[in-house]
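Chain IDs A, B and C follow the sequence of writing; residue 1 opens each chain.
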Amino acid sequence: MNKSISLSQIAKELNIDFNGDDTFISGINTLKDASSSQISFCDNPKYLNDLKTTKAKAVLLKEELVENLPKDCIALVSNQPYLLLAYATKLFAPNVLEEYGKEPVIGENCNIMPNVSIGKNTIIGNNCIFMSGVFIGDNVSIGDSTIIYPNVTIYRNCKIGSNCILHANTVIGSDGFGFAHTKDGQHIKIYQNGNVEIGNDVEIGSNCSVDRAVFGTTKILDGVKMDNLIQIGHNCEIGEYTIITSQVGVAGSSKLGRNTVMGAQSGVAGHLEIAPYTTIAARGGVTKSIKEGGKIWAGFPLSEHKTWLKLQAKISNLLK
Amino acid sequence: MNKSISLSQIAKELNIDFNGDDTFISGINTLKDASSSQISFCDNPKYLNDLKTTKAKAVLLKEELVENLPKDCIALVSNQPYLLLAYATKLFAPNVLEEYGKEPVIGENCNIMPNVSIGKNTIIGNNCIFMSGVFIGDNVSIGDSTIIYPNVTIYRNCKIGSNCILHANTVIGSDGFGFAHTKDGQHIKIYQNGNVEIGNDVEIGSNCSVDRAVFGTTKILDGVKMDNLIQIGHNCEIGEYTIITSQVGVAGSSKLGRNTVMGAQSGVAGHLEIAPYTTIAARGGVTKSIKEGGKIWAGFPLSEHKTWLKLQAKISNLLK
Amino acid sequence: MNKSISLSQIAKELNIDFNGDDTFISGINTLKDASSSQISFCDNPKYLNDLKTTKAKAVLLKEELVENLPKDCIALVSNQPYLLLAYATKLFAPNVLEEYGKEPVIGENCNIMPNVSIGKNTIIGNNCIFMSGVFIGDNVSIGDSTIIYPNVTIYRNCKIGSNCILHANTVIGSDGFGFAHTKDGQHIKIYQNGNVEIGNDVEIGSNCSVDRAVFGTTKILDGVKMDNLIQIGHNCEIGEYTIITSQVGVAGSSKLGRNTVMGAQSGVAGHLEIAPYTTIAARGGVTKSIKEGGKIWAGFPLSEHKTWLKLQAKISNLLK
């Protein structure tokens, strides 16, 4: 199911000069995570250190950054590397549905109701219950004793652990929200070729959306409990035993440490880290990483909960 | 599928005096948009100019506004014109499901999975993929190469363009939220007889709700990209290439100009206009129209983003 | 479908000492609502009055609270009564799907589309329309003339009245969010063995989640109108003719009086009461009970709307 494309063909599709030794490329990844069979991209000088140490076979980047490439790494030079990245992700996107593949393997003692759709190459453990209207895509794996309520959708390539409960109409693995922008204001889709992995003993409420990663994996670790109508963006990592109450949103690439508690209608901006045992009160909005664990935070802008209470008292004093 | 009802019968059903020349009425619309075969209503003096220039055949209104009617327009006098409007919308509501009608027409090279329901008179373009659990109502049209993920529901009479992606469990065309209220506090449904039209190259995330118009059309224009768990109210117009991130709500009848950007968990109140190229930061709440485009706004109440930052600094100084 | 377990067996499963007269227990409930065939729990001294007057046959509680038990009530002593409650709820949880039971009874003149799943012992009234992908669990009852749009999920044991409209992809009766916590930070599910009851003439928009009660019933009373993407927590009671607009969240056990109006994106914390005819403006966050009805409130922290407007003026003056 993974595609392999020659570097010369990628360059041709992207309309880039390329004269080096040709080789097959298996995918795209960040500078940090790319293997020597993958390509990467650099559109922001703040990733210069990652650029200097990347193991990627080739990197999409601007002319002025070429001098920072590791010795064996091939430059794919463009004025718009992020836009070309978007076009490149399309080259590596799998078919929406597998054309070929094995029939799914279902474990023992499962109760699969009528009108459940299970994709090719998918493997289901023992003692699972899947109710009507559940859709499970291609190349999915699900552990033992997991209960999936009606009309849940699980996209291709995702993994779900054992003893999980997924409530009705929740979606696991829909595309992360990623686009490059043209000069005239159009948006070019960055294909979300990663997946979602959910650990064991996870419960997710109804009408939640957990987006698949652009590269790599969106992770919900063991023992996480989520309420209803929650958004988890692409490439997030939700730490063990974290509690997320209703209508919370966590934007892309943020990492919540273990036993984080997110109050109702709170939110986390993208690319942040929250230290373990942090509590965010209802409606709190996190826009900076929280480095010291075990504290309670509130408000938007966020402050420590006790500070927020004092501040609200001061604010209400304005009326006196 | 459109109903045609004589004016005398409408008057009888609504228990209104009517003695003029009878004629057939094809539907209901606002004062501004009503044609000469439609009826309209006026429950608020702020629409007096629309009343004076309406092309409607007849108007539900209070006695004291009758003198403002155009010469050929028939008065349907009531003390509770909005309540009677609600009853009138029921008269024009189509059947929930078409009893008669043609089998749907499906284009070439489509992949329609099992357990997809497609309504009467519906027309599907070429190269579409519809996954299991997708419901497409009666009288819908969908363009070419559109991908619809599992358990998406598209209500009757809606139009979807080409090259669109609708992610799992999203709903297009559910009823807008409109009720008239009786004196004893009950709510009478205003039937939402309009539809939703979505342009080309639109992507909508999972678990979104886009409501159908009460009259006319809720519009999502070309190239719009929407994330997950988003609410679009009835009769909104979302301008070309607008970006709406997760958990945003846009209330009824608001218009977003092209290339608007709505940050996560932001909101727009009803009946507003936002100028093109406006950015609303995460959590921003828009309660007045934004007339000058190209600016960044934040907060609730909303202010320019740079002003909001200064204000937050001043507020946090209250603790010193 | 209700389980009956002997007190000695419950004690054994929970690893608690028990030497009294044995008897059969039919379920678990709060101190206030428990009948003489149920057990209850007390983990918080603020419920001391309820403890002193409970009719429960036996109560899980700490040693130091035993002296407050009514004379005939049996003590089930533990250092972690709330954790043992969680384990006890599992003992009383019904099977996820009924193994035995009667075929559903469907009234006259209903339009049940293909791919609708209706559970055992379920009773449907006359003139209902259920569209494709609707799932109705075991032991459900639904009144006359109710319309259920595609991909709605109704869990077991719930009741829906007559003349209701449930829009697409809404979920009624998913598990409330309740967990007890172990000393090492794991979360033990409190099985949600209650249900949801929805009155007559209720309309609920698309993609809403209404959670089932932990014990007893989550109630949506007659004539309530709800927009899209709304969260109603377990054990809430939404009073007659209440209006809830889009993206509102009401946390567990809160009671909204009749004709409450909740503006868009507003929220109510758990265990509160809101007096009848209260209006909460958009984005308002209710964290204390509202005892006097008929007023308009706004902001977070909440204040009367007119006060909130004055306060915002004062705040914006900080920049002068």
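Operating definition for what follows: a contact is a pair of C-beta atoms (placed from the backbone, for glycine too) under 8 Å apart; a residue touches a chain by one contact, two chains touch by 3 or more.
The model shown is predicted, which means the values in this text are computed figures rather than measured ones.
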Item checked: Shortest chain-hopping distance from subunit A out to subunit C -> 1
Note to self: I'd like the angle of the rotation relating subunit B and subunit C after CA superposition, in degrees, nearest 5.
What the structure shows: 120
Checklist line | Numbering shared by both copies at the subunit B-subunit A contact, with half separating same from different | finding: different
Checklist line | Rounded Å distance, subunit A centre to subunit B centre (Cα mean) | finding: 32
Next item on the list: Going through subunit B residue by residue, note those that touch at least 2 other chains and give them in order.
Entry: 115, 133, 151, 169, 207, 229, 247, 265, 315
Checklist line | Complex interface listing, subunit B residues touching subunit A | finding: 111, 113-115, 129, 131-133, 147, 149-151, 165, 167-169, 203, 205-207, 223, 225, 227-229, 241, 243, 245-247, 258-259, 264-265, 282-283, 312, 315-316, 318-319
Check: Any idea which subunit A residues touch subunit B in the complex?
Finding: 96-97, 115, 117, 133, 135, 151, 153, 155, 169-171, 174-175, 177, 179, 185-187, 189, 207-209, 211, 229, 231, 233, 247, 249, 251, 265, 267, 269, 285, 287, 300-301, 303, 307, 310-311, 314-315
